[in-house]
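Consider the two complexes below, in which chain A is the common component and chain B and chain C are the respective partners.
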Partner chain A sequence: MTPSLTTDGPVRLRGERAAIIWGTIATVLVVVSTIGVFLVAPEDADQGIIQRIFYFHVAIAIASLVAYGVACVAGILYLRTRDRRWDDACEASIRIGLLFSVLVVITGSIWAKASWGTWWVWTDPRLVTYLIVVLIYVAYFVLRSSAEDDRKMRYSAIYAIAGFASVPLSFYSVRVAESFVHPVVFTGGGANMPTSMLTWFIMAQAAMVALFIALLEVDLLGRRSERALHMLTIRLERG
Partner chain B sequence: MSGGAQYVVAAYAVIWFLLLAYVVVLGSRTARVGRRLEAITRVLDRREGRDGESGPPEDAA
Partner chain C sequence: MRRRQLIALVRKDLRLELRTRETIVAMVLFAIVMMVILQFGFGTRDDDLTRFVGGLMWVTLAFTAVLGVGRSYVAEREQRVLDGLLVAPVPRMVMLAAKAIAILIYMVAVEVVVIPLVGIFFVQGPYWGAIGWIAITALLADICIALAGTLFSGLALFTRARDLILPVLFLPALVPVVIAAAGATHAVAGGPHDMSEWRGYCLFLLGYAILFALVSIATYDAVFDD
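Coming up: the complex of A and B.
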């Protein structure tokens, strides 16, 4: 991919339009859902204002798992096609997924302190298994830095696919565990919350998924630009 | 602040701060690449202009 090089207009890159569109959608959804969560959604009778952490905490957690799922699919596609763009998508998804995971752990700890009086509960399966998922994906970058070129991309893709096996472990841990303190809001029977709360949770969820797509588009755009720039620099040096 | 409001403020402050920081990092990278692309475009344009004036370069060998 090479950018159009001319001084007649700005340099345009493939994917720029998609990044702008998704960035706009994400911004609008984040603003609307923030207003809804704080000004429209009713206050929880049991937890009070602390429950408002729930909307974005859970939405970001689900978005992080979506990011790891996208990385898994990108890993599979890389192994099938050996197209470097899928490796880019895989790494970018895991990077954004880890950012979301850090947010989940921090906001979860703040919520735990407010609700349970402690920052972390080591006996709770949801907290511990989610931390394991985070550490598995941190190790992805350790693995990536230990190999080069084709081997790096191949090993990374395989690891991203294998690492995704830890996601259902975290998701179902709280449902199969006998004792836990972490609440289960979504069960087989539906959501344990009134429609007035569920509406704003769905809005926050849409905002976080849109934000993930927007960040992914911008990240991939940056990678493509850097690669195109590198090729141009080489051509320029060769004269 | 009472009733746990400080925890809510802290949680959302962390969310917005980290997300904004990530966006700024991504944006600065894209801006840096854009500046370098413009610089290369100028060099190529200048070179093409010079080549146009003097005709095709002669083989030094």
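Coming up: the complex of A and C.
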């Protein structure tokens, strides 16, 4: 949407209010969950303080999967409608998802160092396959930078769909290889933790998903602003 | 009608390969050189690499697959065959299936040479008794490679620096295939002979193939939507 030139007040763009609302929700949830995780949640009897990283490690991992899921849906919608706003949503989601995935690998690595005494454990397929997911989505940007216009958006959308197909493979790999080292937080029988921990885990999860939505809204708002500015410049130059 | 189109397209690729013998010969030579490099790369100078048989075979075959998949669209691009195909009343799905079958045949042709060579040169363990299980693993992995390879080589076809783009796109997607195929090969020929582990990895490969078949069917129309 392009802003009107005749308004006297500040130019408002669609999505500005959503960005503010989600930004506020995300900030509150991140602050509350950080306090809860470090000061209120009970300490794990076996692992001690390092277990607390799991609240964020798992929450960020799930939030990154949400981001890739949103990117996949946006990719499908782009292919159906050829509306570039879906391409924007797809790229922004993958960018945020990739950031979250890198954080997952880093927090997982910190946990590995504290628990197993080494920064990286190749025998843990889930951590390794998460690294592969990062590599897959880094390639998204390589592909994007080497194609133009319509092809760029089309290929990106297809790749976002194909990339998301690799995500369940990442999850399944842990079951195939029967890893004995990676703790599985959620099993078919439900959550593998007491209620006092689960409450803060859910809070941390909500915070990370809200953070994703807030970052997505801000990213999309930035793109709309750039386009609106571009349109205004063109109109002003034409007089 | 579609079957005839499919057969015609696969025959086109195979006839071209039989006349030029460019791709499969290069793939086989590449695979042999790769295995020799890996033998020295392990740094063991050991006659028996039974423990590494899965990795040795599937790292070699994965890189060989990248080479083959990269060559698979050369005629379409350089000789402008694709222009003719796109204006012909051939469904994209038939094009996808034909290219996947051609890549599958390339891979099987390479493996007919490579898999026995692994047994002759590198493995002292119970390799030949497990050759049937290895063949089934290879066929499943080849289907995965062919499906993912067709989709990604289609995407890389009109990009800048496509020779670089294809491995960057294709290899990360191949890692789960290499994990499963190497695991399955190791399970039957690497010492433990664990059939339940082999079955698990093969089911994983089957799942991968089904998933990528669905993704390819859903998106391939858009790849050549120019």
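The rule we apply is simple: the second predicted complex is superposed on the first by the 233 of 239 C-alpha atoms of A that agree within 3 Å, B and C clash if a C-alpha of one lies under 4 Å from a C-alpha of the other, contacts with A are read in each partner's own complex, and residues count from 1 in each chain.
One rule holds in what follows: a contact is a pair of C-beta atoms (placed from the backbone, for glycine too) under 8 Å apart; a residue touches a chain by one contact, two chains touch by 3 or more.
Keep in mind that what you see is a predicted model, and the values were worked out from it rather than measured.
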Task: Between chain B and chain C, more extensive residue contact with chain A - done: B
Open item on the list: Let me test your reading of the model: by the given contact rule, A:V142 touches which partner, first (chain B), second (chain C), both or neither?
Closed with: second
- [ ] Report for A:I106: first if it touches chain B alone, second if chain C alone, otherwise both or neither.
- [x] first
- [ ] Answer with first, second, both or neither: which of chain B and chain C does A:M231 touch in the superposed model?
- [x] neither
- [ ] Pick one for A:V28: touches chain B only (first), chain C only (second), both, or neither.
- [x] neither
Task: Which of chain B and chain C A:S166 touches, first, second, both or neither - done: second
TODO: Give one of first, second, both or neither to describe whether A:V40 is in contact with chain B, with chain C, with both, or with none.
DONE: neither
Open item on the list: According to the stated criteria, A:Y155 is in contact with first (chain B), second (chain C), both, or neither; which is it?
Closed with: second
Task: Sites on chain C touched by chain A in the complex - done: 148, 151-152, 155-156, 158-162, 165, 168-169, 172-173, 175-176, 179-180, 183, 200-201, 203-204, 207-208, 211-212, 214-215, 218-219, 222-223, 225-226
Task: Residues on chain A engaged by chain B in the complex (per definition of touch) - done: 3, 5-7, 11, 47-50, 52-53, 56-57, 60, 99, 102-103, 106-107, 110-111, 113-114, 211, 215, 218-219, 221-222, 225-226, 228-229, 232-233, 236
Task: Residues of chain A defined as touching chain C within the complex - done: 79, 125, 129, 132, 135-136, 139, 142-143, 146-147, 151, 154-155, 157-159, 161-162, 165-166, 168-170, 172-173, 176-177
Open item on the list: Quick check: in the complex, which residue numbers of chain B touch chain A?
Closed with: 3-5, 7-8, 10-12, 14-15, 18-19, 22-23, 26-27, 29-30, 33-34, 36-38, 40-45
